[in-house]
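First comes the structure, then the notes that go with it.
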Amino acid sequence: MRKLVKRGYLALILLFLYIPIIVLILQSFNAGKSRAKWEGFSLQWYSELFKDQAIMKALYVTLSIAVIAAIAATVLGTLAAIGIHAMRKRPQAVMMTMTNLPMTMPDIVTGISLMILFTFSKIERGYITMLLAHITFNTPYVILSVLPKLKQMNKHTYEAALDLGASPSYALVHVILPEISPGVITGLLLAFTLSLDDFVISYFTTSPMVQNLSTLIYSKARIGIEPTLNALSALMFLALLVLLLIVNRRASNPAKAR
Amino acid sequence: MNQSLSLPSWMLWLLGLFLLGFVLLAVYSVKRTNGIRRSFFASPYTLWMVLFTIVPCVLIAYYALTDANGAFTLDNFRNFWDSNYSVNQLYTQMGPEYEVLIQRGTVNIGILVYSLWMALLCTIICLVLGYPAAYFMADRNIKIGSILVVLFIIPMWMNFLLRTIAWMTLLEDQGLINTLLKSLGFHSVQLMYNDRAVLLGMVYNFLPFMVFPIYTSLTKMDSKLLEAAQDLGANHLHTFWRVTAPLSLPGVISGITMVFMPSVTTFFIPRILGGGNTMMFGDLIENRFLTEGNWNLGSALSLIMMVLILISLSVLRKADPEGEGGGMI
Amino acid sequence: MRNRLICTLLLLLVMVLPSAGLAEGVVNVFNWEDYISQDALDLFTEETGITVNYMNFTTNEDMLVKVRNSPSSFDVVFPSDYCIERMIHEDLLSPIDFANVPNLQYIDHNLLNPSYDPTGEYSVPYMWGTVGILYNTTLVASPVTSWSVLFDQQYQNNVFMMDSIRDCLGVALKYLGYSMNTRDPLELNAAKDLLIKQKKDGIVKAYQVDETKDKMVAGEAALALVWSGDAQYAIDLNPDLAYVVPDEGSNIWVDGMVIPKAAKNKANAELFIDFMSRPDVAQMNCNEIWYSTPNVAAIELMGDEYRDNLTMNPTQEIVDRCEFFLDIQDFIQIYNTMWLEIKSA
């Protein structure tokens, strides 16, 4: 009985979270353009999706920025984490405050402060500025996922490697990196998803000329969202589901688990 | 002329210097043979953050403390406190017959209080809904806990704007819920364009941020503690209040932080689900910058927002001195 | 190895900087949502080989801030009359070389030296229209003739207002019998109080702009404050709807095409403006967005279908009771303050 209540409650909460997604996916198969009326099953929005220049361009911007920003943030953040970890108490505290600051700042303030920076220094807003902004808000997350792994690491391995004649760069690549790689990968994935989903910061740091999916959806939301966007999100949902299943399969395989 | 090359020359110099420093530091830190100075690895990041976080914050402060001509002023803060401050001055200049119009404006304060109130409600609802969910998920008798976590994460990977717009489809007068009600013979109800719809959208978007930290802190808990408590004769309720609840406190606090902060500053949800009938502080800031083009007042509002958030964070830190919380996923 | 690293970084620097520039065969157009025919844009690219980067804005005020902040991003912009006046005043616009715009001859000569652009150097009219009430005849009794319906308790929760500062306040001013361009704070204050009362009485369902037309088609509300073209679009899809310019008078506006001073592709911009003024293209746009065209030759092409439509082609009597918005200059501060007071009431 108690188990039933628990499961029922969880099912209700999940239903609440999934209702709009189900609606969205159903709409993508609706033959008509209307949001509320069902006018028959059709795949026309899927075929139109690939013809829609604006959406395809936005998809490209979103994905390329997510990939580049995630990689750049991972490199920058991993190096920073190694550096911060090796620092003495006081500089370390300063660095951590600086890392925590952008994470506690509301998105809208981050976005606006960067918009001011770019406008103030007369850098035209567009693809590059959006990329810079994404790297900026991603990096602290990478640092925070790498640092715990560094703390778990044996302090003396690195020094031992140096004593045995390894150069610092060699020791970095062959001793430290393998130890912290799970944290690095977590950071990379986190950065990628954050950048994929960001709306507020992109909204303030780009021009109307360069749109990612979020800003495109925002501008479309006013006129009534087009079913093609529903089709796109249904596809993305499917892709994520598949990806997740693969990851789960890998994770449940004990030989490959972290 | 190629427009993008008309950057001010000092910006080009700065960029060049920045890159040069970047390269030199990287080379230097990798090249150092005695390996003690590993801290140099952090220098590119330090430079980056100074340029893209510290400088922008300083710029916000600069704009907040100056007027449109760049002269120092506190008027932006006076305008925050009394939203009619500048206009009242205009009325005074225009002549005595307009003095009847002079009064204190409460727009900014009103919106701030409203935002805090909505964020508070949202946080409470998320806590009330989310805690049991996290608790049941962490229950070892339910074996599908890890799958449940995944199920909670998946919706967050879909664009939140699209999910919020999907709610519009459900809530509209001619939307799905009302169509259903009407076909069942009920009257249609107004679900959208009000505070409740905005609140629903906020809870919907932020609920997972409450569930995860609590779930993490509950799973970290040592199950032996519970067994010990029960061995010592505590009943379920007692165990919960005396053992589970206190131990999950860090998770609760980090959940509250993660829900409250973004709630105060949301600016998309009120516009879509609230039909622009209500304004939250995020809308206000956006409006000042992008509709009025008043950077000075907008910066002052952003600064106030930041200070408020830092204060509430430090209060929450006090409640959770270890500061670790349940952490992120 | 290290040299290569440095080279790569320098190369990156070089690549990053000019990327926004290099603009051969491009024209950056900044226009209202839903305000042009996609076919016309395609045809332009097909005929000239110039790629159109098409961007949208929602209200004049949003547009103005964007153009001020990044003037060189846009080559052709479509502001309304009072905003053109503002932009000329702020020295944001570049004079158009009319030798490159021969199709100007088709534009109604009465519109060529308007009060907002007295020398006529800066703008070419694109479309014009009115502000009025779109209403659902199944929900609203009797023909509507007055703004008073928008403030009538009977239509509680049934009115969409426009999320646009000048339009909302202008209508309230007109209803009270004042000018839409008043510079008297007392009159403005009365208009503000009226709008706050309207909102507090629960008459307003939502403040929005581009969403309104589709929602009116779907029957989400009985009345809406709209621009004439949106009204015609909605009436076409739902014959229960009707549009009226109330007796108290309203706003009549002209949206022009202008070139910002910092535009990167001025020649292409002029080509674009000329193309949009060509009769067949103007007709294409007019058939798509249902606003009134200033293009006399295009009206010839459309014939009676256009001339008999009161929404698109209002009678002289309707036009006479409407007024243009003028730039209110520094008075905008009072407008902004009052508008926020209304929105947060």
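Note that the chains take the letters A, B and C in the order they are written out, and that residue 1 is the start of every chain.
Just so it is clear, a residue touches a chain if its C-beta (ideal position, glycine included) is under 8 Å from a C-beta of that chain, and two chains touch if they have at least 3 such contacts.
In this text the structure is predicted, and so the values were computed from the model without any measurement.
Enquirer: Per-chain C-alpha centres versus the global one: which chain is nearest?
Expert: B
Enquirer: Which chain has its C-alpha centroid farthest away from the centroid of chain A?
Expert: Relative to chain A, the chain with the farthest C-alpha centre is C.
Enquirer: A-B or B-C: which has the larger count of contacting C-beta pairs?
Expert: Most contacts of the two pairs: A-B.
Enquirer: In whole angstrom, what separates the CA-based centres of chain A and chain C?
Expert: Chain centroid spacing, chain A to chain C, equals 37 Å.
Enquirer: How many angstrom lie between the centres of chain A and chain B, each centre taken as the mean Cα position?
Expert: Comparing mean C-alpha positions, chain B is 17 Å from chain A.
Enquirer: How far is the middle of chain B from the middle of chain C, if each middle is the mean of its Cα atoms, in Å?
Expert: Computed value for the inter-centroid distance: 34 Å.
Enquirer: Which positions in chain A are in touch with at least two other chains?
Expert: Within chain A, residues 36, 124 contact more than one other chain.
Enquirer: For chain C, jot down the residues that touch at least 2 other chains.
Expert: In chain C, the residues touching two or more other chains are 19-20, 66, 69, 72, 208, 215, 218.
Enquirer: Note the residues in chain B that touch 2 or more other chains, in rising order.
Expert: Chain B, residues with two or more chain partners: 3-4, 7, 172, 174, 289.
Enquirer: Where on chain A is chain C touching in the complex?
Expert: The contact residues of chain A facing chain C are 34, 36, 119, 124-128, 207-209, 219, 222-224.
Enquirer: Which chain B residues qualify as touching chain C in the complex?
Expert: Of all residues in chain B, those touching chain C are 2-5, 7, 15-16, 19, 22-23, 27, 83-84, 86-87, 90-91, 94, 97-98, 100-101, 105, 107, 110-111, 114, 172-174, 190, 193, 274-279, 284, 287, 289-294.
Enquirer: Would you pull the chain A residues touching chain B in the complex into a rising list?
Expert: Touching chain B from chain A are residues 3, 6-7, 9-10, 13-14, 16-21, 23-24, 27, 35-36, 76-77, 79-80, 82-87, 91, 95, 98-99, 101-102, 104-109, 112-117, 120-124, 132-133, 135-136, 139, 141, 143-144, 158-159, 162, 167-169, 171-172, 190, 193, 196-197, 199-200, 204, 213-214, 217-218, 221, 225, 229-230, 233, 236-237, 240-241, 244, 248.
Enquirer: Can you check the complex and tell me which residues of chain B touch chain A?
Expert: Within the complex, chain B touches chain A at residues 3-4, 6-8, 11, 29-33, 35, 38-46, 48-49, 52-57, 59-60, 63, 129, 132-133, 136-137, 139, 141-142, 148, 150-152, 154-170, 172, 174-176, 179, 204, 207-208, 261-262, 264-265, 267-268, 272, 282, 285-286, 289, 295, 298-299, 302, 305-306, 309-310, 313, 328.
Enquirer: Give every residue of chain C touching chain A within the complex, in rising order.
Expert: 16, 19-20, 28, 30, 33-34, 53, 55-58, 66, 69-70, 72-73, 208-211, 214-215, 218
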